[in-house]
Structure formats: C-alpha cells, structure tokens
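Common to both upcoming complexes is subunit A, partnered first by subunit B, then by subunit C.
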Partner chain A sequence: MEELFERLAFSVKEVTGFIYPNEIELHWSILIVVYPYLTGLVAGAFILASLERVFNVKEVEPTYRLSLLTALAFLIVAPLPLVAHLGHPERAFEIFLTPNFRSAMAMFGFVYAWYLLVVLLVELWFEYRKDIVVWSKKEKGLKKVIYLILTLGASDLSEKSIQFDKKAGKLITIIGIPSAFLLHGYVGFIFGSVKANPWWSSVLMPVVFLFSAIVSGIALMILLYMVITLFRRKPVDMSCMDKLASFLLYAMILDFSLENLDFIHRIYESEESIKILYQLLISKLFISMVVIQILLGTIVPMVFLAWTKLARLPDELRRLIYFGSAILTLIGIFSIRWNVVIGGQLFSKSLRGLTTYKMELLGIEGLLVALLFLVLPFIILYILVALFPPWKEAEVELEA
Partner chain B sequence: MNRRDLLKNLLIIPPGIFLGGLFLKTLSLLKKTPLGKISLESIYGKYNPHAHYYAMGIDIDKCIGCGRCVEACKIENNVPREPFFFRTWVERYVITVDGETKVDSPEGGIHGFPETLSEKEILRTFFVPKLCNHCDNPPCVQVCPVGATYKTIDGVVLVDKDYCIGCRYCIQACPYGARYLHPETHTADKCTFCYHRIVKGLQPACVEVCPTGARIFGEVKPRNNPLARFVRFNKLGVLKPYLNTGPKVYYANLDKEVT
Partner chain C sequence: MPQQIKYLFGLAVVLVFIFLIVRHYLVSPSFGQYGHYRAASLQTVVSQEIKYGGEIACTECHEDILTLKNKSYHRGVACEVCHSAAYAHTQDPYEHKPPAPRTRAYCPLCHGYNPTRPTGFPQIDPVRHNPAKPCISCHNPHDPTPPVTPKECEPCHTEIARTKILSPHAPLPCTQCHEAKEEHKLNPRVALPSKPRNREFCGQCHSQEAESPPKILQAESPPEIPRVDMKSHYSGFLCWECHYPHYPEARLKKEEETE
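Entry: the complex of A and B
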C-alpha cells in the first residue's frame, strides 16, 4: 500500500489543470491494454483462417491451420490479464455465476466461452481429427495417450466420415466469423458505451476495434509464417505472402478510414470535450498516437505495401517490406490499444486537466507481467505446433 | 460412438457442466439463506425502506470551504487519510477578471483553502461540495458485471464490498469521479449518504458537521422536511444533466462553470 501511495504522490505532482481528487489513481493499467490487443489478434487470425475456408482463397492455405492454432494460443491467454487486474481475482467466477445482464462486461464470460468451446476448439478438432487418429496409432508414450484422448473415441476414418469432418468444419467456420466479430466488437463496446468518457464514448468504437483486430491478425500471421519458415529452412510461399500483404493493405485502408471518420467527426462536432482532448493529443499522446500509431504504425506500412502493389519488386525486397510492415503494424495496433485505454484515463472527467500514467515495473499490474502475457501465447503456440504440426507435409495422406 | 452422437455430446457437455455449476452454486446459496426467509425485516428490522426516498441539497452560496464535511466523512466512514481517496470533497472555483476559470481542491479541501489571488483579480468565486449523486439512472450500477453495486429501495446507491470483484468498471462509468478503489479492501468505495446513520433517523456525517447548513439532507416527498423546503424555495441545478444520470444531489446557485 505504501508503494501505491508513493506512486500516487508522484502522480499528483504531474497533474496539470484540475482533476477530481479520486482521479489521481489511474485504474485500468497496461494489463487492460494487453487484453484487447490479445483478443484482437485472436479475432484477426481467425477471420484470416476463415477466408480460406468460406471464401475459398486458395493462396492463403499455408497459413490456415497455423492461424487457427495461433487464435487458440492467444485466446487461452486473453482472459489472464483481466483476471490478474481484478482487485479480487478469486471472485472472478462470479461473472459466470451471478452475472448482471445489464452489464456489458458481464457478457465477457459468455462470449469467451462460446468462442472457445463452440467455435475454436470444435473447428480445430474437425480440422485435425483425421490426423489425430493416425498419430494416435503411430506415436508412442505420452504423445500417444494425448492423441488417443483427443480423438474422443471417434476413430472412424472412412471416406464418409472424413467428408463429414469437412462439412462440419465449414459450418463451424460460418458460425465462427460472426462470433469472431462479436468477440472483438464486444470488447470495443465495453469502451464505446461509457458515456462518462468522451474519448471512449463513440458508436464507431466496436467497428474500429474490429477492423484494427483484423489488421493485427493478418500482420501477426505474416510475421509468424515468415519466422517459422525461416526456422524450418523452407522457401516462403510468395503467392501466399502477396495475398496476405494485399489483405493487410485493404484492411488497413478500411481501418484508417474509419479512424479518420471518427477524428473528423469529433473535430467537426466540436463538443465541450474537444479542448481537453486536443490538449491530450498534442501533449500526453503525441508520441504514442501521432508518431507511433498514425505515422509509423499505419502510414509508413501502407505506403510500402502500396509500393509492392504498384511496382514489380524482386521477391527479396517484397519479403523485407512485408516483414517490416508487419512488425510496424503490430506495434501500431498495440499503440491504438494503449491510446484508447490509457489515453482515455489521462484527462479528467471535469475536462479541466490532465494526469500521468506511471507504470509499475515489477508489480502484478506492471510491465514485466504485461510482457509475460504477450510472450506466453507464443510459448503455448510452440507447444501446439509441436503437437499439431500445421504444415502441409505433416498432414497424413490416407491410403485409398 | 458415431459422429452424430459425438457432435451432440460436444454441444451438450460444456453447457451441461456450466449449468450444473450454476445449479450447485444456487444450492449452496440457498443453504446460506434459505428461500422464503429473506425478508426486508431480516435486513432492516423495524425500518421500512419503502417509506423513504433520500436525496441531498447543497446551497453553494452557503459553503465557506472549511472542509469540515470532508474530515467528518473520512472519520465516520474509515476513508483512508491519504489525499487520493474521497467520498466527499470540496472544490473551489475562481473566475478571474480576465475570464479565466481556476479550479482547485487541495487534499480535497480537508484543511480549507489557502488564499491565492488578490481580490482585485477575482471576478467571482465560490465553493462546490461534491459527493456521489446517488443517481436515479446510475451508470455505475448498469456496468457492474456481478451486481455488487446496486440501488436500494430508498434511493441510495451502495457497494457490497464482500461481493465486488474489483474490476473498476464502475469507477470508469461514473461521470463525477465519485468512486475510488479502497486500498485495503481492493473493492470500489464511495459515499453511502451514511446509510448506517440515516436508517436510524440520523443525518449523514457531512450534513451534521456543516457549520453553515450548506448541506441539506432529507426527502423530497414529505412536505415537512428540510429538503422539501430547500427544493421548494430554490432554483436547482444538477451536475452534467445531459448525461441523463438523474442525479439526486441538487445544487442551489449552481454556476455554469461547474463541471
């Protein structure tokens, strides 16, 4: 507690103008920045995977299974920062048991459970069932046991049952797309529906969250695919990369347009909050929003990606551009989350002053824990990939 | 097991586990408070919450910024002494002759306010005591994921500290900055109108100690009531009326600069 008071005493000195005395403590920390970032990556990766299934975009097939596994790895971690941030994590389960149905946040449990249990796990199971059955026969020891359990007793490998897997998988994907939209649109709604906060309160918030999610998901898959093929010493499938890069560019154009619409709308309406929000933008958020989010995270990758469309560039250079753009985009989307969550708490609801966020380093809501939650999905993904190799060559060909 | 059965199982088992859990939880709750025995009497005793509907009036012209209310509130309600946690606080507004508005609330006004400007520079100045508005349409109650914050029958917004999970959504949703996270209980905390006092027919601590009678507590409906008089003889304003929260702290002589 002493440490908290020390931190607050420091924050008091950083206040400019007037803020309500209770506003000195900033309540949603970096963990709440990480949470929408993770769910965004889940939704984005899943929507990308769905393209192949539902819209038959054959070029992105090499990333199909990897996208699903990535979505799962990130989804497993997504609720952890939320729980860690609670004042009483041991009471977290009450959200499931005695939800207040008027609360947007209370719906989290249901949206999450639906997405994990009904969409993602079922889709993965149908996608991998054939392989799991074969692996359960081929492998030995612990792995064999794991695969055996995962077959859930359905070891039928007849032509008919395989066809059924395919059909069921497709159906789940079709249910999955609106579910992924729901998962992340809902996260946007949590912020967009807070009428007390003019920085958050916007009907566009869920839509902007959704499109930025798609952008981040595609960027993540480009990055993951390139890094993994590098380590596997395989050639990069350039037609797949070109297609992903196109999708990334289109999604970015949409996302950026929506954000600009929000921006222009605010300036044009010029409501009472406009002065303090302008102060916020040019002082506290200048680096994270103007420089990182807009310039480096959006405009630079968009220009480079557009360049690859307009000019015939050698494969090497295109790969470099895709790689760099994906990294910049991922940083850019993280700063979007930062600017929404932290930015929305840096000005007073009295609209008369600004405060500062002093991040902890070691505490439960500190930087290290946040980094852990950002790294953890990759560790889980590593295990998932080891258990369920998503590559074409690993897929088992059944003997006719 | 064929595919169809399996699919069925997949659709039935997870919700089944969930509903089963819900059932068990309900059972355990029922054990604690057997159904039928939950009556208002078991909670309130002889006090009848249906007979009351509380609100507060504040006459800005009477407030002298002494900060006694802030002090009394901290003592009465065990609010942490540190100047970052307040159930009530006082703000000072100074509008200068240059048309600039300066607002401050040093340590919530608990020690009063030091003089900062000379009289020549001041156009008008006044103090504004603030507290939870006990809104009729409270955004904090709406957003609480577990229903730990709620509106009582007699119109007071309370927090159940044994139930609050500490997500702080209510603090974000309050437009008035009336809530804080209690550093000891790690749950949301705020003004209760001194609920433990008012159900006994006493005044809230801040009202009790106010030397100028700037705070008037009571009910709007019965006419023989200090608040009813206050509401009858003053032009009233509330804070941020455009947000449709329906505040029940009514201000007389509210200035346009107050946010």
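Entry: the complex of A and C
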C-alpha cells in the first residue's frame, strides 16, 4: 500500500492540467509496448519470406528459412508479455475455452492459434520435412528422437511426395500472407477501434501497424543475416543485402506516407482533441516521437538508404549503412509502438490534462521483464537454428 | 492421398479431440445458463458485503431532507457523497452514525476555484470567500442557495461588486462613495451617480484627524482603519491613481515587498 502511494505521489507531481483520478497511473505498461512490437516482427519476417516464395524474388533466398524460423521464435514469445500483464494469467486460457466472438480482444487467441498452428508450423514442416527425415536417420541420441517425432511418421521421400511438399508449402504461403496481415492488422485494429481515445481511434491504424510491421521485419532480417554471417565467417551476399535494403526503403516510404496521411487527416479534421494531442506531442512525446521515431528512426535511415541507391558506394560502406539503418529503424519502430501505447494513455479523457509514465525497473511489468521478452526470441532462435540449420549448405540434397 | 496430409490431418483430429475433452472438464457447468458468463458467479456477487444504501433508502426516515435537497442546487449530489457509505446506518441508525462533513475544508473539494473546472460551475476562492467561518454557517448543505441574491447595484456592476466583496472595503456599501439616484437603476446613462472627486473624500476615514471609527460604520463594530498623513502621503495625486478604490491594496503590497 505504502509503495503504491509513493508511486502515485510521484506521478501526481508530474500531472499538468486536469485529469481524472484513475488516469494518473497508466494501466498499459511497457509490456504492452513490447507485444505489438513482437507481433510486428513476426508478421514482417513472414511477409519477407513469402516474397521469395510467392513472387519468386530469388535474391532474398538466403534469408528465406531464417525468416521463417525468426517468425516462429518471435511468435512463441509474442503472447508472453500479454500473459505477464494479466493479474490472473491462468485465466488467459478461458478465451479459448469459452470463446466470445463479439470481443475483439478475446479473438486474439484464435488469430494467434491460427497463425501458429495452421500457418507457420505447417509451412515450416513442409519446408523442412525432407531434411528432418534424413536427419532422423543420420543423427543419434536425443536429436534423433526429436527429429523422429517431428516427421510425424511421414517419412516418404519419393519424388512425388517431395513435389507435394513444395506445392503445399506454396499454398500455405498464399494463405499465410493474409494471415500475417490479420495477425498484425488485428493489433492495430484493437487500438484503432477504441473510439473513446482520439490518439488511437483511426481506421488507418491497422494499415499503419501493418506497414510498420513489414518495415521492422525487414530491418530485423537485415540485421540478423549480417550478424549471423559474421559469426559464421561467411561472405555477405551483397545482392541479397541490396534487395533487402531496397525493400526496406520502399516499405519505409509507404509507411511514412501513411503515417503522414493519418497526421494530416487529424490536423485537418481538428476535432476537439487536437489541442491536447498537440500538447502531448510537444511535451511528453517530443523526444520519443519527433526525435527518435521520425528523425532518427525514419528520416535518417531513409536518407542513407536512398543514398546507396543513388550513388555507387563501395560494398563496405553499403554494409555499414545497411547495418546502421536497420538498427535505427528497429529503434524507430519500437518508439512507434511506445508512442501509440504509452502516448495514448498520457492525456486525460477530459482532454484537459496530461500525466506521466513512470516505468518500473524490477516489477513484473518493469523494464527488466520487458528486456527479457526482447531477448528471449533470440535464445529460442538460437536453439531453432541449431536444430534446423537454415543455410543453403546444410540443406539435404537427395539423389534422384 | 499423400502421406503428409494423412498424418497432419490425424494430428489435427487428435488435438481437437484433446481440446474438447479438456474443455469439457474446465468449463463450469453453469456457464452460459443466462449469458456469456458463469451463472454461479451471481451468487458470489450477491454475497458480497453491501456498503452503500443508496439515496432511496434514506427517504424512509429523512424524507424532509431528501425533498429539500432534491429541489436545491445539490439535487445532483447524492447523500452518500457527503455522508459516506451508510448502508449500515440504514439498518441500525443508532448503532452506526454516518459522519457529516462540517469543516470549511470540505466544500472546496468541489467548489474551490480551479481553472480546469467547467465554466459556470459555482466556484469560490476558499481563502477569500468569507473566511474564518464554516461554509455551513451561511449555506445549508442540503439547500446551498447563496444567502443573498444580488440586488441594488450588483446585477449590473457584478464585477465591481464581486471584487469589492473580497477586498478590505467589503463593509462599505457602494452608496458610501457614490450617490446614486433611483433613476440610475432604470435609466443608467441618463442619471449617472456621483464619484469621489478629491483626496479629502478618502480622508474622511483615512486621515489621522478622522473620527474613529467613522459614523457610518459605527453600527457594525468596524475594523481598525489604517491612517495616513494626508499632507505627506503622496500629495499631488488622487488617492485612486495608486489605490484601486474597489480593491485597495497597501498592506498586502507591503507584505509582499518585505518577503
């Protein structure tokens, strides 16, 4: 109790203007920032992988399997921040047991389950089946058991069944693209449909979320690919990098235009909330929105990426620029999520006052837990990569 | 059918089957009886302790107060807002007595001046509004209509009146300094009242020679009037070139300066 009061006393001092008592403390903490960030990375990585499959972009092939594994690693962690945020995490499963089809929030479980079970796992299974079957014969000990279970008994390696794997994989990718759109568009929908909150309520929200997801997914893959090849002491495939960087640039241009459209639309509409939103922007969100999100997270990488397109730069410099831009973009997208989730709770429903967000360090909703959820996907990815090496060289070649 | 489909399909069927079994055991049998919730939870809610009686419960014994309040400005403020949760009192009025907020600090929670309150909401400055007396000595909390309605000069000169009432000159009626004919209230611009013209006017009360206390205020046990030396106190200027007559400040300024 005492501690609660202390926290409240701190926040009260930061309040400006008039604010209702239940708005002083934020209810959605940094964990809820991490959640859309993670699902965005999932959707982005998956959509990048689909590009290779559906549109036959050969250059990005080296990242295909890695993207799928990355999507899986992040997808496994994505719901954890939500569950940790709940006072009664064990009740989370009620949304499956007693589904409420009229609640958008309750539908998350189904969107998630569909995406995990029907799309990602099945696609990975078809993609890796041939390799798994071979490994299950070659490996020994625990690994053998794992692979054996994963074959699900389907050990047929005939030409016909390999051909079927390919076709099925393609079909699932085609189902997967709208599903990835659904997964992350859904998160935008949740925010966009809160009509009482003028910072969130916008039909563009799902679309903006989606494009920022694609941006973050591509940036993550650039970064992962470069770091992993560095550790594997392999040469970086520059044509793949150039292609990824182009995609990143185009996605960013689209994303930025959409965001500006949203912004101009709000200014033109000038609803009664515009004054407080302006206050919010120039005070509490100035650093995270204007400086980090727009300037460092969007404009700087866009300018640098455009530079690599316009001028002939040496490989070394291009790699450096790609690397830096990817990091800045990832930070930028994180601050987008921050500005949406935290920003949307900083102003009063009375539209007359602002509060502040005091992040905990140690608590269950604190910074450390959030960092844990950001690191966990990489650990899972490490294990996945060890089990299912995504490199070309590791792929099993079958003698016909 | 390809082998893959057979096994995947088999797995899916097994998973769905397990899910259905688990669901059967985990979902409470009363779920969905009335709606999308566990019907047995109603019992849990009902068995919770009741704290608030609700305004209608007060009617039974305090009908007079309720009738009075519901005709007053406070018709929108429920009894238990001021008297706190009183269910126990409705059950046993002598054993449990709800508190009544009699202190001056209480009412400004709602009525203290705050720029973010809606325009038009009655607000006062708790420091200056008739200080030192509890609010309820002038306002009946169940019918808080201000004890006097504006008359005489206030309806038209509200700002001056409201300013003066907070100032050291509050005890002086307007007509002390302005001679106003009845005609002025009907046809203001035709019959303008008089205004003080010279320093001597203020000297009636503030010069060192003035009688103490002045006749006009004798009836009401007047405060000690501060005096100045009319000759040396900034002679050559009219007093209201420096002191706003409807809100004269001098000692206030002095305090600020010495701070």
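Following the convention adopted for this analysis, the second predicted complex is superposed on the first by the 398 of 400 C-alpha atoms of A that agree within 3 Å, B and C clash if a C-alpha of one lies under 4 Å from a C-alpha of the other, contacts with A are read in each partner's own complex, and residues count from 1 in each chain.
FYI, a contact is a pair of C-beta atoms (placed from the backbone, for glycine too) under 8 Å apart; a residue touches a chain by one contact, two chains touch by 3 or more.
Model, not experiment: these values are computed from the prediction.
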Superposed partners subunit B and subunit C on subunit A - clash or fit: clash
Partner chain in contact with A:F164 - subunit B first, subunit C second, else both or neither: both
Partner chain(s) touched by A:L351 [first = subunit B, second = subunit C, both, neither]: first
Contacts of A:F18 with subunit B and subunit C, given as first, second, both or neither: both
Partner, of subunit C and subunit B, that touches more residues belonging to subunit A: B
Touching partner for A:H27 - first (subunit B), second (subunit C), both, neither: first
Contacts of A:N100 with subunit B and subunit C, given as first, second, both or neither: both
Touching partner for A:A196 - first (subunit B), second (subunit C), both, neither: first
Of the stretches 7-15, 43-51, 133-141 or 223-231 belonging to subunit B, the one that collides with subunit C: 7-15
Shared subunit A surface residues [contacts with subunit B and with subunit C]: 17-18, 96-98, 100, 117, 122, 125, 152-154, 156, 161, 164, 168, 350, 352
Touching residues (chain side subunit A, partner subunit C) in the complex: 17-18, 93, 96-98, 100, 117, 122, 125-126, 129, 152-156, 160-161, 164-165, 168, 350, 352-353
Touching residues (chain side subunit C, partner subunit A) in the complex: 2-4, 6-8, 11, 15, 19, 22-23, 26-27, 31-32, 36, 114, 116-117
Complex interface listing, subunit A residues touching subunit B: 1, 4-5, 8, 12, 17-25, 27-28, 82, 85-88, 91-92, 94-100, 102-106, 108, 113, 117-118, 122, 125, 152-154, 156, 161, 164, 168, 190, 194-197, 345, 348-352
Parts of subunit B lying in touch with subunit A, wherever the complex brings them together: 1-3, 6-7, 10-11, 14, 18, 21-22, 25, 82-86, 89, 91, 101-105, 107-108, 130, 139, 142-147, 163-169, 171-181, 183-187, 243, 259
